[in-house]
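Structures incoming, each one as structure tokens.
Note that chain A is present in both complexes that follow, paired respectively with chain B and with chain C.
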Partner chain A sequence: MAEDVYKPGNLLTSLKRHAAAIATGLRYLLSTKRMTVRYPEFLIDLGEGYRGMIRWRRERCISCGLCAQICPAAAMKMYKLPGEKKMFPGINYQRCIFCGFCVDVCPAFALEHTPVHDLSYEELDEMIYIPERFDTEWVSPALKEGARPVKVVFDEEVGLRHEPK
Partner chain B sequence: MTTGTIGRIVDFVLSPHIFAPLIYPGLLAATLVLLTLIWAERKMTAKVQLRYGPLYVLKPLGGAIQLIADAIKFMFQEPIMPRNADKWVFALAPVAMMAFTIIPFAFIPAAPGFVGVDVEYSLPLVLSLSALIPPLILATSWAANNKFTLLGGVREAFMMVAYEVSLFIAAFAVASYYGTLSLSKIVEAQSVPGIILNPIAAGVFFVTMLMTASKLPYDIVEGEQEIVAGPFTEYSGILYMLVMGASYMELYVLSLVFVELFLGGWKPVIPALASIHPAFEGISLFIKAYLVLLFAVFLRSVYARYRLDQALEIGWKKLFPLALLSVIWSLALLLVAGGA
Partner chain C sequence: MTSQGSSEPRASPYFWYRLMGRDEEGYDVYELFIGPQHPASGHMRIIVRLDGDIIVDAEPDIGYVHRTMEKLAEGREYIKNIPLFERATIIDAANITWGYVRAVEQLLGLEAPPRAEYLRTLLAEINRIASHLYGFGIAGIMLNHSTMFMWAFGDREVWVQLAEDLTGARLTHSYIIPGGVRRNLPQDFREKALKAIRYMEKRLQDYERIFVKNPVIIARYVDVGVIKADEAKRLGIVGPNLRAAGVRYDARIAEKYGAYPELEFEIPVREEGDAMARLLVRIEEIRQSMSIIKQILDKIPDGPIFHEKYYRMLPPKLKEFVESTGRLKLPGAFIRLKPEPGEAVARVEMGHGEVFYHIVSDGSIKPYRVRVITPAFRNVVLYRYLTRGARFMDLPAIYGSIDYFPPEGDR
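== the complex of A and B ==
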């Protein structure tokens, strides 16, 4: 270990070190290893535990309001729907920090995380989901366009590898 | 009559004092260098970092025209003028900066006997023209009236004193060996490449060249991660294109000088190309300069940025003595060899 500690050298040793650094760079330049996932064509499959967009199921919701109460970012809010006595939650993705508190606190399992995370919006208003819009299935736009899902594998040589799933 | 006029215009454009600064090796060639070099830089850095780099603009060629797309974007972007800026200086300094990177092309010989304006003192002239750019950078940083630009300007002022002296001394070490300050005479006199004769001067010149153009590891002035873009923080649109282009142009100018001082300039001459235009005879100069440029931008992926104090220390405690040593080396060579 002690040999690895950096010691400032004289002119010759530092020249040698520079040469070594440049050689390492050149070696990487000539290798064909790549870690990038070419996103719209491939999509990393994030699996179950990922905290992405939140799915709400209206038929399960008991309108307890706990989700709105616990939300630390004030993203979840209760809305009154026309013709309904109960209030239902809606979410504002301008504020949501994907902490998952709402999912954890929901006593009726009406909220859950999905692995979908790659959405973009043209207008800020689109990011607010009132209960009518909230109760829909999330789909990754890339997957809809035909992206191939890949999974991440740790690799001794490259670091990360992506294998088709 | 029209053919006569057109002929005269063509002759005028092809005459060295127009052709050299505006077409080759000047503006047009430099634009080409700029467009391909920045792409190559991004591509090489990406490769070293296990990424792809620009890819989707003209995918079969690996995103080769990404820079054209970027240039078009900059052209149509709104150039924003900060309310508290000194408007005239803010707008004109980038233009002047670009101008001072183009003027040197008139004095850099591109082929045997082909130079825009033949002056006996082309070496100090070219170097001092590019030395006019740092004050302009200072002017932009002051004019933009913003804390980041000001910090960048102060850094530029410090850096300027760190590299300028060593750059000039290293160049003059070579000049003193050949006993002339004219670039074309230096190239003609070079039978052995200068980098073998005086490797110290070559090393010092190369490092100070990186410092001048603020390329990594010396992009302290711009220092993207700490001070946004240094003196250029407030620029957008076409003005930003000018200031960004100017630093690459400066690197291109200096690498041409580097090749003429240390790598044998336009030798070997390719006479076959002279039939297109006499300037292309010296295409080796361009190719060598391009390789030097590629190496210079490749270093971006190898090094991390130095701190300002480290760069100053390198400038004054390492490069300056080495530059002086290179002068002594040259004089010693003169004594031993009895003149070139």
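== the complex of A and C ==
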């Protein structure tokens, strides 16, 4: 590889190298290929495998409490609902680190990841989802506002390309 | 130059020397504090003593991002420590957790199935490339080469995307767990990885033209911050910094873990020991990692990704889910792993160098003691030894070339 960086260069090699560096920079400056995604006009569709906001389904939950036990950040807790004998999980998104252990340990498929990740909150209390609120469908606010979903494509020329879906 | 009249004129150099803290013997040392608010690669402070433009001494003042990780680990179950140690080196999460998991596996008497070892190696090499690119970008911006910074961070995104496809998370993968890995290889992964490799090979040539062979960079890097093999061994330097000083040492070879014994790769070594050698070793390591990824994709054996002992505990419905989606389900017993009393040590080669874990188990569900020695912590001493006698201008060049990552050093 770049063995000759250690050889003493003369004015000519130096000039050549300066020219090569500037030419490389110019080539990319004038190129129209960009890796950037212009969020929130565009939103990367992350697909099924992404570990985003966690969806809980009450009808599937067997109240085993494994999710609360395995949570490394103590974000998941079991709550007692009024008029119910069983306890159900609630999540605190101030603490959640999205490791997905709760989803992996759930034996009843009551917890699953969604690709939604771009939520923001005005108040800290809103980030705590007690079981009544936890059983919700997550929607990306950008998508709600009309962002166009794009998918990530690996490309030999640009690295990553984002194609409209 | 003495002045006439009662008071010294302000323009006299002596006035400035006094401001610089010249002592009574006429020896002027100027003390300069760099940091601690994120000087370049994280919260740390370098206390530099300057004689004019020459660095007399540079003292790394670390500990600004210390999070008592070793103590926190004593209060958590074994599996919960994986996301914790990940946060020491967020840019190299797979490698730093692999060391911990290897030590826990020794305590539990487990061995991951071959396919899991290959998948671990795959993610470790993706992380190594991403980690080197991160360091590369930081080194670039420290020389005011903002193009290199943007390019390296942009291209790192390709590898972060690959890791996301494999694990579901960009940086905090929590992928390597005792007994195996959490996800199987996605179907279209091979094609994506090969495209990423071809792209990166092309980009490395661009890097060479705009950065490595750029006469400005050569002037800043060649013969700057030189450390020789003897000195590097004496100080206990690890990783690319050691190999750039001419010592052929790599934990991947020394320890023979994962799928490395079955793969062919070279350990790039250079004799010069200067900042340029450290940069060239890292670039060559990116090439070697890409070759390793190619070999893994060709050679990866079929089979389970999780140890039979725990996989057996899953009910048939969950087993079916694992088979069909490739996403692992954990048995409830996994929360409270209970190793026999004893001690285990493990080391793993990270992007920054060798990480060492020593776990003491007292037979309970939580470790009695976890000792982590991170590569950044072992390399931090270089600040003192590389900068002595260098010009102040060389400090950012040396700083960037060491690839020091403060959260990792402080733990």
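Brief remarks on what is shown
Assume the second predicted complex is superposed on the first by the 151 of 165 C-alpha atoms of A that agree within 3 Å, B and C clash if a C-alpha of one lies under 4 Å from a C-alpha of the other, contacts with A are read in each partner's own complex, and residues count from 1 in each chain.
Following the convention adopted for this analysis, a contact is a pair of C-beta atoms (placed from the backbone, for glycine too) under 8 Å apart; a residue touches a chain by one contact, two chains touch by 3 or more.
Note that this is a predicted model, so its numbers are computed, not measured.
Once both complexes are superposed on chain A, the partners chain B and chain C clash. Touch criterion met: A:73 reaches chain C, while chain B stays clear of it.
Judged by the touch definition given at the top, the superposed model places A:33 against chain B, while chain C stays out of reach.
Contacts of A:159 after superposition on the shared chain: both chain B and chain C are touched.
Looking at the shared chain after the overlay, A:25 reaches both chain B and chain C.
In the superposition on chain A, no contact is made by A:12 with either chain B or chain C. Among chain B and chain C, the chain that touches a larger number of residues in chain A is C.
Within the three-chain superposition, the chain B stretch that clashes with chain C turns out to be 222-230, the only such case among 6-14, 60-68 or 222-230. Common to the chain B and chain C contact sets on chain A are residues 21, 24-25, 28, 35, 158-159. Those residues of chain A that touch chain C in the shared complex are 1-2, 4-6, 9, 14, 17-18, 20-21, 23-25, 28, 35, 46, 49-51, 64, 66, 69-70, 72-73, 97-101, 104-107, 109, 113, 152, 154-160. Note for the complex: chain B touches chain A at residues 44, 47-52, 55, 298-299, 301-303, 318. If you check the complex, the residues on chain A that touch chain B are 11, 21-22, 24-25, 28-29, 33-36, 38, 158-159. Those residues of chain C lying in contact with chain A across their complex are 76, 79-84, 147, 154-155, 157-158, 161, 164-165, 168-169, 172, 174, 182-183, 186, 191-192, 195-196, 198-199, 202-203, 206, 208-215, 218, 222, 272, 276, 280, 283-284, 287, 315, 318, 321, 327-332, 334-335.
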